[in-house]
Structure formats: structure tokens, C-alpha cells
Amino acid sequence: MQEEKVFKDPVHKYIYVQDRTIWDLINTQEFQRLRRIRQLGTSYLTFHGAEHSRFSHSLGVYEVTRKIISQFERNQYEDWPQEERLLCLCAALLHDLGHGPFSHSIEKAFRTHHEDWTCRIVLGDTEVNRVLRRVSDDFPQQVAGVICKTYHKPIVVGLVSSQLDADRMDYLLRDAYFTGVNYGTFDLERILRVIRPYKGRIVVKESGMHAVEDYLMSRYQMYWQVYFHPVTRSAEIVLSKIFERAKELYEEGYRYQFMPNPLQALFENRMTVENYLLLDEALMQTVLAFWSGEADPVLADLCSRFLHRRLLKFMVLEPYEPQMLHRTVELMERAGIDPAYYLEIDFPSDLAYDVYRPGESDEKLPILLVDAGDQLTEISHKSDIVRSISNLQLGKHHLYYPDEWIGKLGLSGEAELRSIIAG
Amino acid sequence: MQEEKVFKDPVHKYIYVQDRTIWDLINTQEFQRLRRIRQLGTSYLTFHGAEHSRFSHSLGVYEVTRKIISQFERNQYEDWPQEERLLCLCAALLHDLGHGPFSHSIEKAFRTHHEDWTCRIVLGDTEVNRVLRRVSDDFPQQVAGVICKTYHKPIVVGLVSSQLDADRMDYLLRDAYFTGVNYGTFDLERILRVIRPYKGRIVVKESGMHAVEDYLMSRYQMYWQVYFHPVTRSAEIVLSKIFERAKELYEEGYRYQFMPNPLQALFENRMTVENYLLLDEALMQTVLAFWSGEADPVLADLCSRFLHRRLLKFMVLEPYEPQMLHRTVELMERAGIDPAYYLEIDFPSDLAYDVYRPGESDEKLPILLVDAGDQLTEISHKSDIVRSISNLQLGKHHLYYPDEWIGKLGLSGEAELRSIIAG
Amino acid sequence: MQEEKVFKDPVHKYIYVQDRTIWDLINTQEFQRLRRIRQLGTSYLTFHGAEHSRFSHSLGVYEVTRKIISQFERNQYEDWPQEERLLCLCAALLHDLGHGPFSHSIEKAFRTHHEDWTCRIVLGDTEVNRVLRRVSDDFPQQVAGVICKTYHKPIVVGLVSSQLDADRMDYLLRDAYFTGVNYGTFDLERILRVIRPYKGRIVVKESGMHAVEDYLMSRYQMYWQVYFHPVTRSAEIVLSKIFERAKELYEEGYRYQFMPNPLQALFENRMTVENYLLLDEALMQTVLAFWSGEADPVLADLCSRFLHRRLLKFMVLEPYEPQMLHRTVELMERAGIDPAYYLEIDFPSDLAYDVYRPGESDEKLPILLVDAGDQLTEISHKSDIVRSISNLQLGKHHLYYPDEWIGKLGLSGEAELRSIIAG
Amino acid sequence: MQEEKVFKDPVHKYIYVQDRTIWDLINTQEFQRLRRIRQLGTSYLTFHGAEHSRFSHSLGVYEVTRKIISQFERNQYEDWPQEERLLCLCAALLHDLGHGPFSHSIEKAFRTHHEDWTCRIVLGDTEVNRVLRRVSDDFPQQVAGVICKTYHKPIVVGLVSSQLDADRMDYLLRDAYFTGVNYGTFDLERILRVIRPYKGRIVVKESGMHAVEDYLMSRYQMYWQVYFHPVTRSAEIVLSKIFERAKELYEEGYRYQFMPNPLQALFENRMTVENYLLLDEALMQTVLAFWSGEADPVLADLCSRFLHRRLLKFMVLEPYEPQMLHRTVELMERAGIDPAYYLEIDFPSDLAYDVYRPGESDEKLPILLVDAGDQLTEISHKSDIVRSISNLQLGKHHLYYPDEWIGKLGLSGEAELRSIIAG
């Protein structure tokens, strides 16, 4: 490009675009669509600042990747495959391209996977594909390979997705910024300085161990205080119930006042790329608004709950015993409320850092420290704090239910409920 | 309320709710609707962080007002009418309730005013109205009076809208935060400390003059660098043209694939409160998505431009002479493009601070300094910097046009255009 | 006071003074002296921003205490003894009054304790004492009691010093701000909101557990990355060696060119309050500058090292075996360098959070959570993260030595050293 | 250097050292001495956070210069003389090397100039000189030339000192950070992006005009709210009076208890580089502490005022008439206080931006905008806001006097004083 272009960004101050391909990708309609999909799904109902889009996050992941590579180049690290620069940048920019509206709930209800859709969009008849093909015929394939983790150079894959990748570095900072919590604020500039390529992987200089500890702690806190916030989960549960109910009705032959094509395709499991790209959160919210006037009382009620933020309440069951669920189901049925749509047990769970267990399924590559003598050590062997938080199995069972249920229980019902919760 | 409630807010850290009425207002569906209307309309197409909603701004204005009043109470200022506390808080919270989607463009195209709608919602058959009536029968009327500036105590009106009001204090800080520019960052805490009620008005202690200067400079910079950004204006122009064209077609009897009731009501100038509340940006973006597939080529093209951010380009005409427009119109017509939908001259203009000119129409109350001897002086008499920037008549004429036009002009056409622009 | 006074503070934005007594205390010469004593001793030689004084920290501790109390008053907690407000504020403000220059090194070399000196100043013939006596005759005694933890109400003592006190809350934020690291940035406003008085203690509402976790993690990171930074320790070691050597020389009858009275008094162990107050870092640095020209080569060399920041180098001994020290001492002696002044083994150690062990010496009061049913639980029983980091015994042995030593060792000496370090 | 070194810096996050020469310069004793000289002289008595040193500012100016040059190199601007990189960096780092303690007051009292001393240190028998000579024999001369503005390439001089230079960019941000005011926070990253070398000068791309406006406004606000704060001026006045009195006494043959060599040399106007380097703020504060016990009551009183922050009070004379001074002098003499040491009229004054007036003495080079057609325009021709604030002649006369004076005036004296002030 003749001249560097910039985007003003609240997290990285500026995002610098230096390649024509990147510029053109940003201007495709598929990438612009990400403006209509929120980064944090339903979190804006808990943290009103969290209204930022996947568009802004995608630019951020690109920028972090650009900074990492530029550091590698400045230091002239031999282990860095320079020819992979543009591939990394494109994969970083596009890695979330296939996200749909309210991904968590929709993916759960319809068993779709955003990564698959990303690859379908990259490889399909799209503007993105045409821009990528200008680089070379197999470039779209390579980009898809990096995103789906099948590309043959793990260092390229690891930059975009691993336990210390550009994706996480951006989203922790960005989600902290927009929600306004200050847990996510680790020292990005320092992390960028202490990572380096080494024998086909990204490793961390031992002197940077504390910076990584801080990053892992940020991640831990963001999960428990933001991503797993029970109000957000409640909104996701309501959404999932809406989709379940709507699909059921559709399959029963119910006639909707408003049923746009892309949604119909979703219901009929015959989704095309073209239709998928029409799915965005504006459309979904409009659908919910229409459906809040539908004849089916369950669907109408759930939609109106979501729209007006009258979500399900929750209580913590701790310790949790499976029979608790059965007994509350009975209680709810007795009060005349259908537990299939109004009751849910949720157990959020995540590992702050996954120690490597070779051979296990879904093994995650560990974070490695490299010392002055080029020795590699898995971080939890050197860091007491990482060892302490690794594999912490956290989380409590939450029972979600509608507010008015308690009122309908009657005194004896309430007493029974209380005894169930007490365990 | 039994216990103070808080909202996490990135700008004010926390927003404190201490009154049941405020809590209930926030939970009405009319107030929750503000989540679906962006604070800065089309600015997110220029500053991708600017995706924050009027919901978050409204909470912010409430919080600033709460802080001001709490300072007044702590200092036990006699000139503060304590009984007006709840009225001020409600008016602050609700002052933007009537904003529709992409207000600037819609208000321009359909000659509606969001303040009128705010009052209609406050006074109509709405949840907000019912919550307010619980305070007293004429409370909705009072709240509407403050918002429409007819309430009999100017100090109450001035808190919510004046040249130094809670509205501006929040939006400058908030818009700066979300866009990521750092012009808007004046010292709110200091301003809160130096204002006080005095003889039925809010005045500024003379020692706080520099803080007000800084606030006015912030405002000046935000206008010129954010609010009047030509890319944002371009998006607004495209939107206005869409509405003009759509209305025209509607009146000509054109049959739309997708024409939801609220929009129809808008076109037919028979809007009700109920329909108005269904208008939000999710609906509007869905409408634009549908219309980008309409048969009318102008409407389809404009909608697709907006959706995929292929806006109109601009050039600066300086100095501007009215005949420039006529000549460019001719040139565009010669290239086969309809200037009615593809050409616009825009002249953004604003005053950083309006010196009071008694008797003039739309007179704005000036900012007054009060000195140790209780003497009042209009700020521009004491501040060199305010005097310098007052009444600065700024702005340049921008000509907006579609990219491909230049290509269609041919060599002689381009030369002609260049001579027009050169003036 | 007629009108609230404010100090501009980078950490808390403003510090509000509302009591004449506080204002007068700040203006005493004993309190002003804290401007000449750095908050972080020798840390400015590692983090050049860390040039802030104990004056600014003391104002900060006062302000945090003021905010806590004002929250207690606003919530009208019955368990808060309102009559103790001024006592708490004074103790918070004055708690570091007895700090001398480079406290760590001087206290170590001369076995003084800054808390004792604080009490001697508060109780002695000083301006501070006179201001306090204006409140009541035994007020100085009460203030000293709170600072020395003998005051009969633990809630008052705990506010100023405990594992979650105003002192720590200010210094973590302040030291992070001035060094520029971002580990110390926990959410003060939230912590202020979740603590409350309960049966004579400060406790934390269970909903605030994560905020406390974050604060403890901040503390942990600040210790390991700032307070125990090996370069800072090196400077402290050099200072300690200077004082040891100087005292030794003094006792041997060495005549100094420059030996101001307060220092002489320190050497002769006959320090008075009056002399102590003359000890500040300006004086100590002037002394070091003069001494860098003294005849004794060890003293002159050490002083010049400190002054020009030519500190001792360090290596990590891990795992550490006591005989390592003996063998390195021999090696240093062979190279003709006196290990008494040029060699040190340092083992920094701290607990991020001390679980309460009743009956143990120096038992620290635990942080207690209070739930909705007013049940108290020690935090590590509820927080996985606190349990994980509690009682982590961290730290490595560092060997400090002068740069030129290695050069003097010769090849075989270096090999020997390397084998020692390898363990 | 084998590996980039970094300093943690609160303003720029990190300061990157990539050249052995820069690293060695930082480690010289002359540069380390800047740690003992505060950046803002007596401002810490007004803004307690302002305890940062010229060491930290000097690193900052170096870093800003490094960033500017690295941008020039990345863009491969032809007009940038690449061979001058190291010279620019050294001059930036060292430009304040000759500052003495409390520069303003000392320079005023003894008619010294810190720039002269910088050059003497750079050219003298110093560690700095030896490091520079390792580059080339005439390198020290070149560095001195840049700092004293005699170097033959104006672009090199302008980088370090002009109306938009690395010095100002760092100090505005740094002083704002440490005082805690938020006026100085312009967008450095944007300014770095919009400046470029052009025909032997640094110019600003027209698109960056608003960023420069913001920078000039920051400068304006910092002058009036921080640098010219009347409490700071009061401290400077007290210091100047101390030096005047001390010199007078010295010349009268007064024997001081404590009169270190460097100060004696200053009094006798026979200062050497070696002695000058021993002058630092630690020494000066120690001197003031000793002198507060001197027999001369004026000297002792003034020193004790400074030490314990019992500064002179002030009142504003506006409009100011010269005879006001004569009449207050009489009044003070009548009260038995010597106006020579206890009265001062101060008129602080500064221009936010100096329009270029060719031919005038001390002409300052203007800030030039360069447009797309490479046309240069002086910024005030294009920016309304710069034109508005240019050449604003601001400031008011302040009368400084000791607190107790008013008490000694008697009723009629006070009345007289009031009539004088009223003008």
C-alpha cells in the first residue's frame, strides 16, 4: 500500500494496516458483517458497556499479531519463518469470521461450529475468498488451515490459537476495557517483548515468567467474573430455550408471522454460506421482537423476557446432588410451569491454565519457558502461582428458574424447595 | 430501597442506584429499549469502538446528576431545593428516552423530534409512566416538563440541559472513552466540586474557571474530530437518502417485500407511542438488509452501501460558492447518476460556547462565575481562552458523491470538476 | 473547617480534608519532613518513577481511611463506633511519621524501629503532639496506641493495619502508579463497597470475595516484581554495608570530614527525637557524597557505588546449600576482596496471605467473609485462589558480589565458582 | 548492543535502549546525578506527586526522539538524514545534563544558565565526554552544538528543541502524570505519526492539525495551572531570597557553620565543572536545614520557611499600577519587615504558541503544516483555535508577602492595604 492506514482503537490506541490484502479484507461485506455481532453475546445485559463487536476484536487480534511479528522481524530471530507473515495476519484477522449471532446459544441449539463456518466462508464464493485468491490460488486454503489448526507449521497456528495467543491477548484487554472491570489488564507490551520463536514454536523467555503469570490470572478472573457471570448465563439459557421451542414449533408445522429465510434454513438444517451471512444480531433481535407477539405462549413469553431483560433468576446449589434436579422438576410441574423451558442447571467450568498431558484427548499445548541456556521448561514447573491455579476445578451448580415460580409454590412448596437447596 | 444497587460502568466506575423509583424505571421495557439504539448513531462506522448505546449514556447522565446533587446536599447549600432531588434524577435518566434509531437521519427525513417522543412516552400508557405515577399523579408531567424545559424552576432544567449540564458531561467522557480518542477527558471530579446552586441557577466558583475552560475545549475538539467526522456524515447522508427514496416509493405505491408496521406508520405520518417503541436499530438494520434486495435500483444500492460500508466519498469545497453546486449537479446528471440521491453538500457547524445575547432567538443561558464576594460574571469576561473560542464560526463545505462517479466523468469531465472545486 | 480543602493526588484524584486537626497535622514540620523520605527507599534505582515520598503515601492512607469511614457512616452500620472517626483519621495520617531515610537498611544496621519512632514523635515535644493535644489531653496517647496496635478497639487498629488495611490499599496502588507496573491495580472502589464493620472487626461481604482475591494477587505480584527486585535489594545491601563499615570506623576512632550530629547520635546510640527528625534522605545522600571522598577505601568505594549506581551484581543459587556460602567466601578472599563488605546472600520472602494459626507467635488476623446469614468464614475456606497462594513459601537465594570480582578470579577460580553455583 | 535493554517508565510504558553509547551514557555518574534533581523544582510543594527527577524526563525525551526517528526510518523519508540518528539520540538524552538544583531560583540568583553547563559537562573531563569520544573525536562537540542550537542542520536541532519538540512532548505528559492533573494528555502516538522531515525541517501533515491544536492547548493549560501555580512561585521566591541573602552575608564576611565547597565556588563565581556536578538537591536541602539554625535571623527564617513549607502568601493586584508596589513597600517597612527579603511582585507570562515574526529578536520557528501538494503553511493560518490562542498575553500581578505581616499592620494599615489592592 502506498501509505499505512490506521484505525483508532481504544485498546491498542491505533491499529496499523500496511498491506493491501488486509485493507481489502476489512472492506469485504463478510468482514463488515462482524460489526453486527457482539463480541460478548449476551454479556451486555450484565455489563452495559460490553456492546463491542467481533469486528473490533478481529482488528485487535490482527494488531497483536502484527506487533508480535514485527518484534520477531526486528530481532531477526532465525526461527521465525518470515514468509508466513501475511498468512498469519490474514488468519488472525479472519479467525472469527464465521461467528453467528449469540454464538453460544445458537451453536448449542443447532450444533453448528463457528470455526467450520469461518472455513466455509474463506473457501466459498465470497468477497473474502476473492481477495485471498489474489495472493495465490491456494492462499484461501492455507488461511483456512491455520484457523482450523491443520496447517503444517505449528508456530503459525500457535500465534493465532494456543494458550498464549493473539486472540486471548486481545479479548482479555478488550473485554476488560468495555465492561469496565479491571481484571484483564496485564502488561501486553511486556509479553510481546518476552515471547520468541524457537524450534517451530512460540516460547517465553524465563525473565518474562511473571508477566505470563499475570496474564493467566487475568484470564482466570475474567472467566469467573465476566464470562461466567450468572446473569449472562441466564440470558444465554433463555435464548437457548427460545431456539429449542421455536424449532420444535417449526417442526410441528406451526406457522410464524415472521420467519426469514436464513432462519428457516437453520431450522431445516440446509444452511448455505449465503444464508449464513445474512444471520446477524440485528436480524435475531428483530425476530425476537416479532416472536414476542406470537400465539404460542411459551415462545412469546421467553422472547419478551429476553427483549425486556426479564431473565431467569438463579440460586446456587452447593454441594450439588443429581436428585436435587428431579425433585425441583416435580415441584415446578406441580406449580404448572413447564420445566423443559423454564428450568436449567448450569455448571460453568474452565481451566485457567491447562497443564500438558500427552496422549489425552484435546491436549492443549503448554506454555514453555526458555532459559539463557536454551532449555525449555513447562511453566508450571517454575511458577508456584501457575502450579497453584492449574487444573483448579472450580464452579458451582446454578439453578435457573422464573421469578414468579416461587410465588406459585405456596408455603409448603417453598419449604420443600428450601430443603432441596439445603441438600 | 433496602440496599444500594450498582452497575459497573467503564466511565464512572460504578453507577449507584439508591431509589426504588430509579431502579424500577431502569427495568421498564421502554428504558431497556435504549440498549438497541446506539449513542452515536453512525459513528461506529468511523470509530469502531463507538458501539455504546443510549442505555449506557442515560445511566451516566443519571449518575453525574446524582453526584452533583449529593455534593449540593453534603455542602448544605441553601439555594438548592432539596425536594427536587428525585425529579432531577428521573429527568436525567429519562431525558433521551424518545430517541429513535439513527436519530439524526430519521428526524431529518421525517421531521420528528426525539424530545417530543420522550414526553409522549413519559406521559403515555407505558411502564415508565406507571412507575412515575407511583410517586404522585402529576410526577410524569413534572418529569416531562423538566425534559422539555418548561418546568418552572430553571435550576432543575439547567442541571439536565444547559451549556454545562450532566448530559454533556457524560457524553463527552463516554464518547471519548468508547471511540478511544482522548480529547474528551476533562476533570469531572473537579467540575463537580466547583459548581453550586446560587439564586435559582447553577453557577461556577471562580476558582474553577480553568476546569470549565478545559471542558469547553474538550467539547470543541469532540465536535470537530468525532461528531462531525466526514465519514460519519457520509453514513448519515446515505441513511437520509435511503429514507427519502423509500418514502417516495411508498407514496408512489411501490410494494415492499418487508415493511413492518412501525415503519409504515412512520411513512404515513400516523405514528403511535406503541409503534414508536418498536422502532430500534436492530429493526432498521434488518429493514436495510431486506431492502438491499429490493427491485428499485437506487434503494437497493443505497441500502447495500450502508450495510457494507461503501459510503459516499467527499471533497472539501473551500471557499464555497453556491454556483459550485449547480455546476456539479449538471456534471453528475451528464454522467447518468441522479444527484437527488447521490450528491450532497454538507456544512457542519457548532459553537463551542455561546455567549449570551439577550433577546436573540434560541438564546442559550451563559456559564456564570461567582467570586468570593458573590458577584456573578459571564465566563467569557474572565477567561481569555473562552473569549477566544466563543462564537468561532467554523466548518467547511463538504461535497459528498459516489466513488464511481469520477470514473464515469471522462477526462474533460474530470478537468471541469477540478476547476469547479478550485473555485 | 469552614471549607473542605483538597490536594491533587494522582492515585485518588483528590484528597479531601474536612477537619481542622488533619489540616494542622499536615502542616506540622514533622509531617512535612516526610516529603524528604522516599516511599520505596532504594527502588528508584530500579524503577526510575519510584521517586514518590512517604508524604504522598501518608495522605493516601488518610484518604482511603476517610472513604471507608464515610461509607460506614452513609450506610449507618451499627457496628461502627462513630466516635472513633477522628482517631482513625489521625492514626492513618501519622502511621509512617517515624520512618527514617532508607528505612530498611538503617533499621537493619542500627536496630531501630520506625513504629517506635512514630510513637516517640507523637508523644514527644513536637508540633504534631501539640496539634493532637488540642483535641484532648490523652489524644496523642490514643493515636500512638492505634499505631502501635495496643488500642483497645481492634476495629480501629485493623482499619490502619491488618491484612486488608488502608495502608496496603494505598501503597499497592501508589507504588504501581509511580513505578509504572500495572500489577497493583485492584478495584479500590469495589473493596470499599464490600467491607463493613461487624462485631468489632472489619469483614468482607461474601459477594466481594473476588475483589479481595484480586487485591491479594496484586500484593503478591508487587512483592515479587517490585519490592523484592534484586537490583533494589542490591542497593539496600550496599547501603547496609556502608552503615556497618561507617559505624565500625567510628567506633575505631576514625575522624570523618563530615559527620553531622544526628548521625553521630545514631552511631552512639543516644538518638533524641529532635535529632531523629533531622535525619532525612537529603542529609543521607549528602553524607554519602562526602564519604565517597573519605580516606577509608572500603567506605569511599561503597558510597561511590551507591551514588553512581554501580551496585553489586547478583546470581541465583538454586537449590541453595549453606556450604555454598563458605566456599564463595574463600574464593572472594583469595581474590583479595573483603567478603564482609562485598558479599551477601539474600533470601527475600513474603506471604501473599497469611492463614490464621491461633496461638502461633505473630499471628495475623485473617480476612473474614460474612454471608447473607451473618456467618463468618475465613476467606481461604471459600476462595480456591486464596487457598492456592496462601502460605506459598517462595523466593530464591541470591548471591550479591562486585562486578570486578569475577575478573580477578582467574580461569580456575571462575570454573570453581561455576561449580559452586551449579550446587 | 547484543540485546535491547528496557527501562520501565510510567509515561511511555517502556524505554528502549538499542545502542551501546546510550546505555553507557545513562550509566555515567554525570547522568546518574540527574536522579538527585527534581524535574519541576519546587512544584512538589504544590502538587505532592511532582517528585519526579530530571533523570526520568531525560530518558523520556530520548525515548520520544527514538520513536520519531524510527518512524522516519520506517517510512524511508528521503529528507531524513539517517546518519544523524545517534547524534539526535545523544543530544536528546543529555539536553538537561547541566541543570542544577532548583534551577529557576539558582539561575536567577547567580546568573548561570543550565545550557552552558550542559555544554561544559559534555566537553569537559567527564565520563560523558569519554563515552561520546568513543564515537568520534568531534562527537562531543557535535552533541554540544545540537544542544546549544549551533549545529548546522536545523532539523537535528529542531527535533530536540523547537515549538513541537521531543522535550516538550515528554514533559507535558510526564508532568501531567506525576502531578495528577489531566491537562497534559494529548495524543503522542498521533503526533508521532503526523510529523515528517521536509526540506531540512520537521513539519506536520495537514491531517494532523487537530492533534497539534490539542498539544498546544495542553501546553497552555499546564503553564497556567501547574508551572505558574502561585504556591510554586512562592516557594521559588523564598529560595531566591535565601540565595540573595546568603550571598550578601558571604560577601560581608559572615562565617557559616556549613558551607560546602561547591556553594562557596558559586558564591565566589569561580565554579568548575567538578564542583558543579556536586551541586544537587540533596546537598541544597541539607544546606537549607543547616542554615535554618544560622545566627542571621532573616536567613534562618527564610530557610525554615522553605523547609517546613511556610511559604509567602499572595494576593492578586489587578489591574496593576507600579505605584502599588511603592506604597506596599512603605507599609511593610512601617510594620518592621524588610521588603527586600519579604516582598515580591511576580508576573508570570508565557505564550502558548509564538507566531513567527521574521526579523524580531528571539524569533521562534513556527509550526508548519504541509498539505497533499507539499505546500507549507504556518499553522495559525489554518487553525482557528491556534490563531485564537496565539500571542494571548496573559497573567496577573501577584504580590507575595509573609503571613504575619497583615497582623502587624494594625487596623488602619490593613485598610490602607485594602485600598492599595483595590487600585
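Side notes on the structure shown:
Letters are used for the chains, namely A, B, C and D, taken in the order the chains are written, and counting of residues starts over at 1 for each.
By our rule, a residue touches a chain if its C-beta (ideal position, glycine included) is under 8 Å from a C-beta of that chain, and two chains touch if they have at least 3 such contacts.
A quick map from chain label to UniProt name: A, B, C, D = HD domain-containing protein.
This is a predicted model, so every value here is computed, not measured.
Two chain pairs, B-C and C-D, are weighed by contacting C-beta pairs, with C-D ahead. Compared with chain C (HD domain-containing protein), the chain whose C-alpha mean position is the greatest distance off is B. Taking each chain's centre as the mean of its C-alpha atoms, chain C (HD domain-containing protein) lies 33 Å from chain D (HD domain-containing protein). Between chain B (HD domain-containing protein) and chain D (HD domain-containing protein), the centres computed from C-alpha atoms are 43 Å apart. Spacing of chain B (HD domain-containing protein) relative to chain C (HD domain-containing protein), judged by their CA centroids, is 51 angstrom. Shown for chain C (HD domain-containing protein) are the residues that touch two or more other chains, namely 13, 181. Across the complex, chain D (HD domain-containing protein) is touched by residues 7-11, 13, 27, 29, 32, 35-36, 44-45, 47-49, 51-53, 55-56, 59, 177-181, 278, 280-286, 289, 307-310 of chain C (HD domain-containing protein). Contacts from chain C (HD domain-containing protein) toward chain B (HD domain-containing protein) in the complex involve residues 6, 13-14, 189-190, 193.
Looking at the complex, you find that chain C (HD domain-containing protein) touches chain A (HD domain-containing protein) at residues 181-183, 185-187, 210, 213-214, 217, 220-221, 224-225, 384-385, 388-389, 392, 394.
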